[in-house]
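Here subunit A shows up in two complexes: once beside subunit B, once beside subunit C.
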Partner chain A sequence: MEKKMALIVDDSSLARMMVRKFFADGFKDWDLLEAKDGEDALAKAQGQSLHLALIDFNMPGMNGIDLAEKLLEKQPGLAIHLVTANIQERMQLRAEAIGIGFIKKPINQEKITAAMQGVAG
Partner chain B sequence: MHGERKKMFRLSELEEDALKEFFNMGLGMAADSLSQMVQNEVLLTLPKLKVVPYEEATHMLMESQEEKLVAVRQNFKGELTGTALLIFPGNESLELVRTLLHEDIPLEVLTELEQETLLDVGNVILNAFLESFTQMMSVEFEFESAEFLKGSSRFLLDISSHLAAQKQSLMEGVNEDDERAFVLMMDFKTSDEEDTQHTLSGFVVLLFSQQAMYILKRELEVILSNL
Partner chain C sequence: MFNEEIQKALMEEFFSENREALDRIEQGLLKLESNPGHKELINAVFRDMHTVKGNCRMMGFPRLEELTHKAETLLDLMRDDHLLMNQEIGSLLFNVLDQVRKTLLEIAQSGSEGNTDYSAIMMRLDQWVPHSQEKGDTAPPVPASPEPAAASPAPTPAAAKTEPTTPAPESPVTAPSDSDASQSSTPMESIRLSLSRLDTLMNQVGELGASFNQLKYVITQKPDHIDQLLEVHGKQIAWLQNEVIKYRLQPIGRIWDQYHRLVRDLAVAVGKKVVLDLIGEETEVDRNVLTSINELLGHLIRNAVDHGIEHPEERTRLGKSPIGRIILKAEQKHGQIFLEIKDDGHGIDPVLVVEKALSTGLITVQQAEEMSETEIFKLIMLPGFSTAKEVSTISGRGTGMDVVQNALSKMGGTISIASTLGTGSTFRMSIPQTMAIVPALLVHESNETFALPQVNVIELVSFYGDEIRNNIEGKMQSPMVRVREKLLPLIPLQRLLIRDGPRRAPQREIERLLAATAVHVAVLHAQEHLFALEVGAILGHSSLLIKPINRIFSHIPILAGTAVMPDGSISFLLNVQALLAGADELG
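Right, the complex of A and B next:
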């Protein structure tokens, strides 16, 4: 089976390690692209066909919402979820407004599984 | 053991990153509570973390701060011992009270309500914040009652005064070689998109005793070794 590709963007190494572990434990048919901020993510996503993007909000430089908008311009319909400790209602509404999902940190296996429901293919 | 304690306390880059992320999650929960209270979005900055001598910590905290500040201080003790401070510029605390009460209240009445209201806010925010640590680590600690402080930045940000308060309340005090502080800082402000009159800002500072710093490091090592 062809592997799917997920983009993980978070300035925290811990957060990326946690996601990596969940994928390694439960979703072996996925490859991960990891980036530490928006610029890094855009560079690494260049030319890739992504199936899922999990993006932190509060990062140096570009925030997660701005990054999500740029990724959607490049790949309309991509399943994107904002993964953030900023759990305020306004933040959830902002994610909703641009048509992306919202996951409250800390992330776990169930939350990743739920995020995969919207993945095409 | 004593000699070992004297060694410079250091966190690895990854441990520092992990602690910042826990701090980030803690303030995220706290900001959600505050956001519900003020019915406005609370904007958060990226967390800053430093392990520095107390004097430097005091100096760092005083940088770019206004002359007058108000603070809610919450000491905690147990496996983790330390002090959490929620600090507002002095001229903004009354604005916060006005925002929380959602009413146009005369200044003299506001001043009367200031202490009580800010203690309530501090209690909610700092508890939400500290409890996030217990969710992610196997450490237990208890909160003491929160205190309201008002004064000059020099007084409020003097780390040694907070340590003295801990010492008094904890009886056993802190060790003589507790020469370094863990300072975690994160700024926040309410969104000013809708009403510029009701913008307020502040920051949260966490200070840990030397012993607590070693416990935190141990917990971080356990968490990271499982990833």
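Right, the complex of A and C next:
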């Protein structure tokens, strides 16, 4: 079975490490791409066929929603979830209007599993 | 949840990342003390604090999380310009740093965050944070609202800043201080006024009373001083008018917040992806106008999502981003509010519009052939017109763009539509900033006095004798006038005032003008168009209290409102855009 590809974008190395462990632990049919901010994510996603993106909202440079927009332009069907503790209502509405889901911090195995349910194929 | 080895690795990362972040925060705070407004520095410090907070939550240290969260909230206020760095805040944040480091050390030694008491330091952090500002992950800053710093319980309000040109306590008006988004969608039936504003107002009213008494005295005792006193009196009243009008102004952003919800709900319902960008939320508008604006903008946004923006699959097929974009923009210029709503959808098809207008008998084939694209787009504003191929439940059956047109007419506003098939549409509107008092030019025509909004007037020119023959000519049977080397369409007001009776043939009109001994024109602009309005006489300027037009006259497009003149008579304020449109119709 071909592996699926997930992208995690977070400026916290601890947060990335945590997600890396979750994937290594429980999602062995997934490859994980890690990026520390929006620019990094776009560069790393270039030419990749992604299935899932988990994006921190508050990052240096572009915020999570701006990055999601750019990723969607490249890959319209991509399942994207913003990982956030709490978010202003207007930002939440803005994200929902472009079809982005939410994962409430702190992230854990169950929440990632739930996000994977929405992935096509 | 993980095995010991992984847990250990995570903790190592936790300590090392936090250590780096705390060091950067310290450096940043030191620099901020000498450079308090430095945006990038504040942002960087904020993000690092945010990271530390997130890390504490991830690894399960709730007390440290709460402390860093409060520090983050404070930094967020600074980021949004609600608070300016000062020594006191600096010391407080350094205290937080020390405390966090101490606790991290404790965690490293004992594995637990212990139970050190943070209540004192957290209370000090809370003091700077107005209750309504509590939030966590935050968005790009919302443009500064006129909420005065005085409303916040910050210990030194002077440290808070809004715009450099208007000190915070001067902000005249606030809506309910609770900035909860749901509040902004409810109509605002009351305003708050700072005491200092009210005192200033009281003083002025007091002086007005005093000068009235003086006036009474002078009229009977020293009649030759009347002019002087009347001038003072007039100035006082003008000041009061201006001041009170300011109280009525509200930032347009107050009604815009709800559009995010509108766009989101519509997008989800019809399966589209749409981004709404707002520009100029701080633009101030009369509260009365706000409700009408809300009605028409809501309609235009609904239309844009429903009919303008394509489905993601179609957009992708067309080589566009799957996400549609709607940009809503407001800007204030010369007492007018300019609103623009632009989408990158499929645009309006002029061929479809014409077909529809022909099939419903709105225009004749001959008219259709002569119409410009701009004129064709205007057709969608006519009652009952809808270009949507299928009836959509969301935009509502039968409520077309005429709703927008009506709302605009009520406000004395205008609209123009630009659209490129496949690329999108832009609706541009202009409306008066305030509906109460309008600076106007008074003119005389056909035994009546009319008022023209001063904002539309560019210049006044009178031609006498030979100047008339030298500067007025007929072109394609239409009178034209040369003003500053520019040939402008010359529209006689008297021609527009005839509603049903016989009009002169255009050629006769030119002959009448050329035979006149004097021709007075007001050069006017209606959005991008310039034209000259010929009037019987130019009377002068006046600020008029404009009231809505009586129902009996409301079907006459060139009339925008009524005003009571100094002698008690009534005159009409003219809608300049409608004058131009009316002239086009007459040919």
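Methods note: the second predicted complex is superposed on the first by the 116 of 121 C-alpha atoms of A that agree within 3 Å, B and C clash if a C-alpha of one lies under 4 Å from a C-alpha of the other, contacts with A are read in each partner's own complex, and residues count from 1 in each chain.
Simple rule for what comes next: contacts are C-beta pairs under 8 Å (C-beta built on N, C-alpha and C of every residue); 3 or more make two chains touch, one makes a residue touch a chain.
Being a predicted model, the structure only gives us computed values, none of them experimental.
Asker: Determine, under the contact definition given at the top, whether A:P60 touches first (subunit B), second (subunit C), both, or neither.
Answerer: A:P60 contacts both subunit B and subunit C.
Asker: Contacts for A:K21 in the overlay, against subunit B (first) and subunit C (second): which applies, first, second, both or neither?
Answerer: In the superposition, A:K21 touches subunit B and subunit C alike.
Asker: Contact-wise, after the overlay, does A:A43 reach subunit B, subunit C, both or neither (first, second, both, neither)?
Answerer: Neither partner.
Asker: Mind working out whether A:G99 is in touch with subunit B, subunit C, both or neither, as first, second, both or neither?
Answerer: Only subunit C; A:G99 stays clear of subunit B.
Asker: Let me test your reading of the model: by the given contact rule, A:N108 touches which partner, first (subunit B), second (subunit C), both or neither?
Answerer: second
Asker: Given the superposition on chain A, which partner contacts more residues in subunit A: subunit B or subunit C?
Answerer: C
Asker: In the superposed arrangement, which partner chain does A:S12 touch: subunit B (first), subunit C (second), both, or neither?
Answerer: In the superposition, A:S12 contacts both subunit B and subunit C.
Asker: Kindly classify A:E89 by the partners it touches after superposition: subunit B alone (first), subunit C alone (second), both, or neither?
Answerer: After superposing on A, A:E89 lies in contact with both subunit B and subunit C.
Asker: Please identify the positions on subunit A that touch both subunit B and subunit C, taking each partner from its own complex.
Answerer: 11-15, 17-18, 21, 58-60, 84-91, 105-106
Asker: Where on subunit A does subunit B make contact in their complex?
Answerer: Subunit A reaches subunit B through residues 11-15, 17-18, 20-21, 58-60, 84-91, 105-106.
Asker: Name, in rising order, each residue of subunit B that touches subunit A in their complex.
Answerer: On the subunit B side, the touching residues are 13-14, 17-18, 20-21, 24-25, 27-29, 31-32, 35, 41-42, 44-46, 136, 191, 224, 227.
Asker: Residue numbers of subunit A touching subunit C in their complex, please.
Answerer: My answer: residues 11-15, 17-18, 21, 25, 57-60, 63, 69, 72-73, 76, 84-91, 93-94, 96-99, 105-109.
Asker: What does subunit C use to touch subunit A in their complex?
Answerer: 1-2, 6, 9-10, 13-14, 17, 43-44, 47, 50-51, 54-55, 57-59, 135-140, 181, 257, 260-261, 263-264, 267-268, 273-276, 312-313, 316, 321-323
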